[in-house]
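Labels A, B and C are assigned to the chains in the order they are written; within every chain, residues are numbered from 1.
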Amino acid sequence: MRTLLETRLLPAIVVAVIVVILPYFFPSAYYFRVGALVFIFALAVVGLNLLMGFAGQVSLGHAGFLGIGAYSVVIGPVYFGLPSWLCVFVGATVSGAVAFLVGRPILRLKGHYLAVATLGFGLLVAIVLTNEAGWTGGPDGMSVPRLALFNWQVRGSDSWYWIAGATLVGGFVLALNLMESPTGRALQAIHDSEIAALVLGIDVARKKLTIFVISAMYASVAGSYLALFNGHVTPDIAGFLRSIELVAMVVLGGMGSIVGSLVGAAVLVVLPQALTIFHEYEQALLGFILMVFMIFLRRGIVPSVAATFAGRRK
Amino acid sequence: MIILQTDQLSIAFGGVRAIDGVNLAIESGQVYSIIGPNGSGKTTLFNLVSGIYTPDDGSIRLAGEAVTGLAPDQLARRGLSRTFQNLQIFSRMSVLENVMVGRHRHERTGIFADLFHWPSVARQNQATVEAARAALARVDLADSASRPAGSLAYGALKRLEIARALASEPTLLLLDEPAAGCNPVETEEIDGVIRSIVKDGITVVLVEHDMRLVMNISSRIHVLASGRTLTEGTPEQVRSNVAVVQAYLGIHGSQESNRAFH
Amino acid sequence: MAELLQFVFSGLTVGAIYALVALGFTLIYKASDIINFAQGEFVMLGGMTTVFVTLAGVSLPLAALIAIIVTTAIGLALHRFAIEPARGASPVALIMITIGASIFLRGVAQIIFDRRFHSLPSLFGGDPIKFGGAAILPQSLVVLASAMVIVTLLWLFIDRTLLGKAVIATAANRLAARLIGVDTRRIVDFSFAVSAAIGAIAGVLITPIALTSYDVGTLLALKGFAAAMLGGIGSALGAVVGGLLIGLFEAFAAGYLSSNYKDAVAFLIILVVLVSIPQGLFGRAKIERV
């Protein structure tokens, strides 16, 4: 029993250890900032990976939920005087509710049709955020009130490093729990054969909706953090390119690999930062590297590397 | 008791009347076989009965309850399970996990329990593993439990589907060509498995081309041709029916199928 | 009434461009099952290359021809060097490769071209033609006419030539096509080349009306993809109708509601259509055979 528990949560434990140890190797405070960004994105990617990698349902509009989470921690405190921490939860609840309402009709769609429907949803969120300037500040966005926990004003990157790291470990634990549960098995079954899943009594539509809502809430929390961390938010956070970035992180790290979610997020957060030294070549290089990765590690970094090691051992 | 009854069941695809006014009345506790040439509508009949297709016409009763138009998962919860002619394996999962999914309708946890791994989930997982292992043992796959399902040979996959269906503890089990592609030894195993299933009180509806298996094991046989009932009766009655032999010879024309009848 | 006509004109003009992009998606999808998100970059490359070649003193028609040839070569290269080596990868991985390619092409474009907006003069003058109280630019008519010619040529080609039949065979069943001797790799090569050429032509045609810059590809790819899905993926007729419809939705939404929400209205309608017809307007419903 004990070993069962430990193997299940092993990736979460590894991540916890990484979060704690990493700062000892940071040459400067700047790295806390990068670390915090990686963890925040990884949180959203874990959620999206549950949807895409496990249940096999694509979403090209997940940044929409990032946006809902982000604007919750602006609109709540600024217009309603709510504390920011509460708004993180409110945002997640709103995102979950929106995912429920949107997911019900569109999750019946399959494959590329689902892709275009989710893409449309993401665009709708971004358009509303851009145009309802009375609430959202329009295309220029708004500055985000700082997070205050009790009497502690959260500012520095290091604080956010720890908050994001701890939340990510929590996100890992929930995801890993879910995978080894009746719901998790049902979701993986749906990925491989919806018909067989149905015939075994799985309410496929409801399970898809459940995981869509959960993954939306992951993204929403990540969006709230991102806004609070950056101190400023624009509608770009909900844009198509952000959605694509999240999907790229999932695929690059490895569909269905929870650890891969962190690796994918790390690569795609760190890479552009590292490439800025190439100035105008940055985008071309990023695209090139993405192509090369996907051609040679087509199953994603973590599964491909794992397969290589398994092959060696034999 | 009549466990499965259909009345004038019909469905057409474009111009093809795949099932055309078929009446079934299957007594529980027996092996009931459906045979017929390729394309005669056997699989379509299964798809109708298991809720994958909705009939254009006619009705279906499961253990006396009208179930026409119910979704496959609703039927599964009423005790119907099936296997597939072209396999529907969860190939990303292990052999054991495949069968664990079969337990789904008996698992009682909620999404919060699952997310936070409440003690009920641990208990549930334990029970599911045990039941799944038992089902695997019945089809002689216990040794392959931890292998990726995708790595099994064809014959083993056929048995894996049976184990998965058994794990759901059905009262009515539809098997679509379980012995297709199996060698004589494997077919013999399938024969044994089906007999043990029936002994447990599960009604088996069998679609199969292997006439020896069908003739040996069935209580009654229903013959389809072009979506219609050709005849229905005991193996002896069907064997002596000239029309059946002709329908088969017309399609197969081989000595083998002729011999299988006698 | 005149107002309505005006919206129809502008809707059809943009719609024709979406239709061409959607046609590119459809062609590649049919031959290879790949959704090529770099399709929008072909349009960008067509327009931008023409602009910069004319700036170097080449006449507009010749510049356009050069742009189309260059873009076609790039489309071919995309298949040969990025898609072919990844043969057998999952659909999502392949889509990611095309997205990587589109980021790459955009990045290269901003290096060798620039990051400003550009336009092209119209060969047919800039004075609008009056028609039923509405005004239409000659170039819009050119766009519509060209789109019609391209669609007709493509249809004739597919319907009347052996290579066209091979494309249909490949689309229907790749393995069977290979067994009867179709070189399916060349078919996919061909589909990438033609899609790129169609994209480039769209780019050349639209630049006199709408500005172009290194980053116009993303939005066009989105609209083209949406149009292809609205019409039903894999249906050429669907791609054309889907493109025109989205153009019209946008024009009406911009005209009668608010131009800020034109994309929102377009996608809202797409969502409603797909939810009620999950396989798109002209797509074939796929029943999974078990």
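Rule of thumb we're sticking to: a residue touches a chain if its C-beta (ideal position, glycine included) is under 8 Å from a C-beta of that chain, and two chains touch if they have at least 3 such contacts.
All of these numbers come straight from a predicted model, not from anything done at the bench.
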Item to complete: Compute the shortest path length in steps from chain A to chain B over the network of touching chains.
Response: 1
Worksheet item: Where centres are the averaged C-alpha coordinates, which chain has the largest centre distance to chain A?
Response: B
Fill in: Contact-richer chain pair [A-C vs B-C]
A-C
Worksheet item: Which chain lies at the heart of the structure, taking centres as C-alpha averages?
Response: A
Worksheet item: From the C-alpha centre of chain A to that of chain B, how far is it in Å?
Response: 41
Fill in: Geometric centre distance via CA averages, chain C-chain A, whole Å
31
Worksheet item: Taking each chain's centre as the mean of its CA atoms, how far is chain B from chain C in angstrom?
Response: 47
Worksheet entry | Multi-partner residues of chain B (at least 2 other chains) | 52, 84, 88
Worksheet item: chain A: which residues touch two or more other chains?
Response: 195
Worksheet, complete the sentence: Within chain C, the set of residues that touch 2 or more other chains is 290
Worksheet item: Okay, in this complex, where on chain C does chain A touch?
Response: 35, 82, 85-86, 88-93, 96-97, 99-108, 110-111, 218, 222, 225-226, 229-230, 233, 258, 260-261, 263-264, 267-268, 270-271, 274-275, 278-280, 288, 290
Worksheet entry | chain A-facing residues of chain B, complex | 50-52, 71-73, 76-77, 81-82, 84, 88-93, 97, 100-102, 104-105, 107, 109, 111, 113-117, 121-122, 124-125, 128, 164-165, 168
Discussion item. Touching residues of chain C toward chain B in the complex: what are they?
Written reply: 289-290
Worksheet entry | Contact set on chain A toward chain B in their complex | 1, 8, 174, 177-178, 180-186, 188-189, 191-193, 195-204, 210, 214, 256
Worksheet entry | In the complex with chain C, residue positions of chain A that touch it | 52, 58, 105-106, 108-113, 115-117, 119-121, 123-124, 127-128, 130-131, 194-195, 240-241, 244, 247-248, 251-252, 255, 280-291, 293-295, 298-299
